[in-house]
Amino acid sequence: MTDLHVISYRPEPAELSYTFGGRPAVGKIQPGSIVELYTEDCFGGKVRSVHDLPSQVCEFPYLNPVTGPFHVEGAMPGDTLALHFISIEPARDWAVSTTFPHFGALTSTHTTATLQPPLDEVVWLYDVDRERRVVRYHARRGDFSVEMPLDPMHGTVGVAPSAGEARMTITPDAHGGNMDTPELRAGVTVYLGVNVEGALFAIGDGHCRQGHGEVCGTAVETAMNTVVAVDLIKGVQTPWPRMEDDDHLMSTGSARPLEDAYRVSQHDLVTWVSSLVGMDELDTYQLISQAGTAPVGNVCDTNYTMVAKVHKAFIGRHTSYEGMHAKLRALADYYLFAR
Amino acid sequence: MTDLHVISYRPEPAELSYTFGGRPAVGKIQPGSIVELYTEDCFGGKVRSVHDLPSQVCEFPYLNPVTGPFHVEGAMPGDTLALHFISIEPARDWAVSTTFPHFGALTSTHTTATLQPPLDEVVWLYDVDRERRVVRYHARRGDFSVEMPLDPMHGTVGVAPSAGEARMTITPDAHGGNMDTPELRAGVTVYLGVNVEGALFAIGDGHCRQGHGEVCGTAVETAMNTVVAVDLIKGVQTPWPRMEDDDHLMSTGSARPLEDAYRVSQHDLVTWVSSLVGMDELDTYQLISQAGTAPVGNVCDTNYTMVAKVHKAFIGRHTSYEGMHAKLRALADYYLFAR
Amino acid sequence: MTDLHVISYRPEPAELSYTFGGRPAVGKIQPGSIVELYTEDCFGGKVRSVHDLPSQVCEFPYLNPVTGPFHVEGAMPGDTLALHFISIEPARDWAVSTTFPHFGALTSTHTTATLQPPLDEVVWLYDVDRERRVVRYHARRGDFSVEMPLDPMHGTVGVAPSAGEARMTITPDAHGGNMDTPELRAGVTVYLGVNVEGALFAIGDGHCRQGHGEVCGTAVETAMNTVVAVDLIKGVQTPWPRMEDDDHLMSTGSARPLEDAYRVSQHDLVTWVSSLVGMDELDTYQLISQAGTAPVGNVCDTNYTMVAKVHKAFIGRHTSYEGMHAKLRALADYYLFAR
Amino acid sequence: MTDLHVISYRPEPAELSYTFGGRPAVGKIQPGSIVELYTEDCFGGKVRSVHDLPSQVCEFPYLNPVTGPFHVEGAMPGDTLALHFISIEPARDWAVSTTFPHFGALTSTHTTATLQPPLDEVVWLYDVDRERRVVRYHARRGDFSVEMPLDPMHGTVGVAPSAGEARMTITPDAHGGNMDTPELRAGVTVYLGVNVEGALFAIGDGHCRQGHGEVCGTAVETAMNTVVAVDLIKGVQTPWPRMEDDDHLMSTGSARPLEDAYRVSQHDLVTWVSSLVGMDELDTYQLISQAGTAPVGNVCDTNYTMVAKVHKAFIGRHTSYEGMHAKLRALADYYLFAR
């Protein structure tokens, strides 16, 4: 581990990507490397005051830009890409959130189509205090204001999809994408099945914090400085994006209706744990039924995302992915020490 | 508070109820009273070993019995019933869980009808250690065994529905019912809109613990000894069941598909908080979007249940329901001290 | 068939029912009888001009009244009730339709809850020309007017539910209820599984015509004079409401989301036809996949309703329910001749 | 119309496309031209006997090939492409249908994930009699056999999606794709919004006939010889695929859950008719509610498809898309006469 490969990359606006798939790589990365990235917010940094309405200052489809894609050397279909998030830090002292016409959970939408007019389009600016680890909310139509803990995460991470597809970054599916789960924070390793040579991963949509379901459609959005350790598990497939931290295994599912996202995530966790522990599938189903949690990702995007999560203490602390999480955790410590 | 009205009630098997509505009360209760109840498990106590298959020892529709209904004196449509759960304690040192043909989230069901045969019907017995506050799981088809914390809750609580309806206890809806949320534990006050004179509340379906969504269809089921403080808020309506603990407000929604349960619960929390805080509805929508959590109740029953939850610190600790939760908390302390 | 038992019944307003279940019978009927009924419209006849807004002139839950319930002598759980609709004729020369706040498919609703205000509440009056068999539509905010064919049907028909339930008449489920399918017209025999002694069937919600899905939430609503032949198939169970006309078999499914209503109806048709024809289940699945149609019932009620329909020519014209449809068809002819 | 531009194209296997978007055109076409195409069946012609199981002879993602894409000269984003189907004729005297593991409406699937094993994979061969205009079904596990009318259609037609996306041909969405509606037969004009220069349309997945919803997941699949008239409406946008025949206007919606597909299709028909007729939106909503039908497309693909359909007689026979359907109808007559 003496040779620490560190790559820093800050994209020019014209280098941002708006799809997973359909784009050449912006760079190549060796497995075992560390990547220091800058990511723009979901509005491309164009909403900077409460007067910047997204429907006016942004242009469809140039929303939810991601940084990348990166080509991981040696990654081939059938492998699994591991991305360990070492740190996710707001790049600004302000952040933004909005309602957006016909987007969000408590409004009719493009597909939940009704004859009602949209909700008002409103922008909220948040103060971001990186020292005190808080964000401050200010009501727009009154004096209410409150601080909430900073809990940075990335809404969007993924690889190029299978089957020659290219998907808008706003859509979460089996390739990852805009899952919008608060579980994707620093300290977490994300596992993504590789569909094309080089994997072509990209990252974006940083949130200072987010409630479960991102009910209004946007979180506390800001640009991020993010450090990721990148590695590869050869010959191991991953059907849906998975996550691991020191204490938990997590599976995701992205689908509609929401119960299907729940089914996918729980089905993946049950079959994954069954295989790890060497336990009968129905025995595992029973155990997860009592031991598992199901943090909601998003209930506002083109697919909804659910997470199925279980504490390792309940399943015998078996090692997954050949110990990749522990390996990248150690690499992260070394990087942080060396820095 | 010197006169503590305490009522103890343990139903005979023939006194158990299988619907909300359509049944006369088993007793009358003064607002401000404390009720000590015994509740049977969801199988009516008939599944006592791994050889007792529910489909053989239970008879539809005699499933998920509740204790009650109780007539609350003075309760009229348009009022709100408050039930504060002082304690929920397993009445046995064992508990049971099962798969059940065509019931649960990872199987086709009565309405998600497919041509596939059902999963195997399997019973798991859990050890319940009330001293050490744990339950122990044993795999049926292998040696795996593990302890998990005891976290008792009631899956089912509700009142008689509106519109002259009677509903199976297994169905959650606006009247409560089988919401199956782990949030309904001791220390919580449940608010239920009153639909008929006397409210006619009932309680059942105790769980030693439950994962989010009750994915296999049953939790760690056992009989409970439960103590509830009962009170009434006159002239205040409650559209969907709500909960409050010392630190949180919670709204529930029960519907299909699951995103509708999410919408109902979030809509109720947004409008409730907006009204409590005197904050604009869109401002509240934004705040809850970043501050709220959404613990999944059930994704297996005839309606699915979601909970929308927010910490009181994020909304200014305004008093709800005329301070009812604090009042019943004090009554509970007095009862526990006096006992 | 010489003894034609004919019963005529026109309910007083106070005799109307608003639930299936939870009500005593208004009369007893021998199997083989003919019943001449009057049914009120879904507004109880209270919306009589474009100025009568339902939200003002109607009172929840007194909506969608049904005529009945009738006790069928000898009907026991496990039997099937057969209702053959001999004629369904508008009782007035006008009919009414409306938008209703937060009801319908192109609006947010009670459960698809959004923060948007409801659509305008508007009433449309239709002219009903029983001679020329047409209804005439008049735009409210312009001059457009058009005639459409009269195609009378009943939105609501059902029996008392199982498991001691009582359900609002507006809810369709396995007991029937507000299925709102245009397939339920004169010439059709409806089969309903009996859940309680006497079956306790009731009928209401006459429509002069209705589009697929009843997208705005109401059809061309009017009072009806309806003649029904009533009979019983002993010892034969029916899991979901079925229909038969001279040329078709039809199964219904009522559930949410809409794909579940589709699944239930197709599953029932496949298993029914498989059993009738003595054909392998997958062979039947394949045949229905190519031969069947799926007329949409409602996509606006508390459960959605789909119909699975197949022409008898494609399945060998096997006899169902012991030839009950042909028998009641003959009885209908005799009644019409004798009248 | 003296200069009839006719292009014939039969793709080599290597020229078939498996996505909409992400592929260069196979040829250029002038608006006003006629294209004679050969399309392969959804299995690429590889399932030729009841022993050819798709999971063995086909390779994911090489399923559901389309012929194209074709670049239409002058087509730009914001225009509408018109494809008039002059004829759709089976290219073989046999066709095939199958169950496919975890695909179809009456099985758990990739996203409606359960722990149940898949249904048996079975292949059915149909005889196609082009003279007598029938197909013949043969049961695999018994003697039952029956003829059904030939009613040829294309399951898949679409253009390159917006936002730089490339989508598997099996997915229907706003760009068209695998809508699988029996309404897409000869005599119909399909309108598709153009998203990229040249539109890049492609056609495939011919069905000899199909039931509503394609419940088992596949129709009576065969190769087709198809003739299409191609034209362009400049500067007119089309949000979702629409269809027109001599007597009907039709809108489609493709989404999940199925009620959202219904909402999209009905919303599009209401707003389209409102604009055509110059009628208030709620007046149109009312009219479509009583006059419209909703033929189900598919309830088995990655998005479900519904069609909203209304007879032109009920809306005043207003001309849509500048009379394009009548124009292409005349062109078709000229071509058929000239041939």
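Order of writing sets the labels: A, B, C and D. Residues in every chain begin at 1.
Here is the rule we go by: contacts are C-beta pairs under 8 Å (C-beta built on N, C-alpha and C of every residue); 3 or more make two chains touch, one makes a residue touch a chain.
Everything numeric in this text was worked out from a predicted model, so none of it was measured.
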Same-site or different-site touching of chain A by its copy chain D, using the half cut: same
Report the chain whose mean Cα position is at the greatest distance from that of chain D. B
Between chain A and chain D, what's the gap in Å when you average each chain's C-alpha atoms? 35
Round to the nearest whole Å and give the separation of the Cα centres of chain A and chain B. 33
Which chain D residues sit where two or more other chains touch them? 106, 112-115, 119, 256-257, 263, 266-267, 270, 282, 285
Would you mind writing out the residues of chain B in touch with chain A in their complex? 97, 99, 105-106, 119-120, 122, 124, 135, 137, 139-142, 144, 146, 148, 209-220, 256-259, 262-263, 266-267, 270, 277-280, 282-283, 285-296, 299, 304, 313-316
Which residues of chain B touch chain D in the complex? 106-108, 112-119, 257
Provide the residue numbers of chain B that touch chain C in the complex, in ascending order. 18-19, 21-22, 60-61, 111-115, 162-168, 253, 255-257, 260, 263-264, 266-268, 270, 281-282, 285
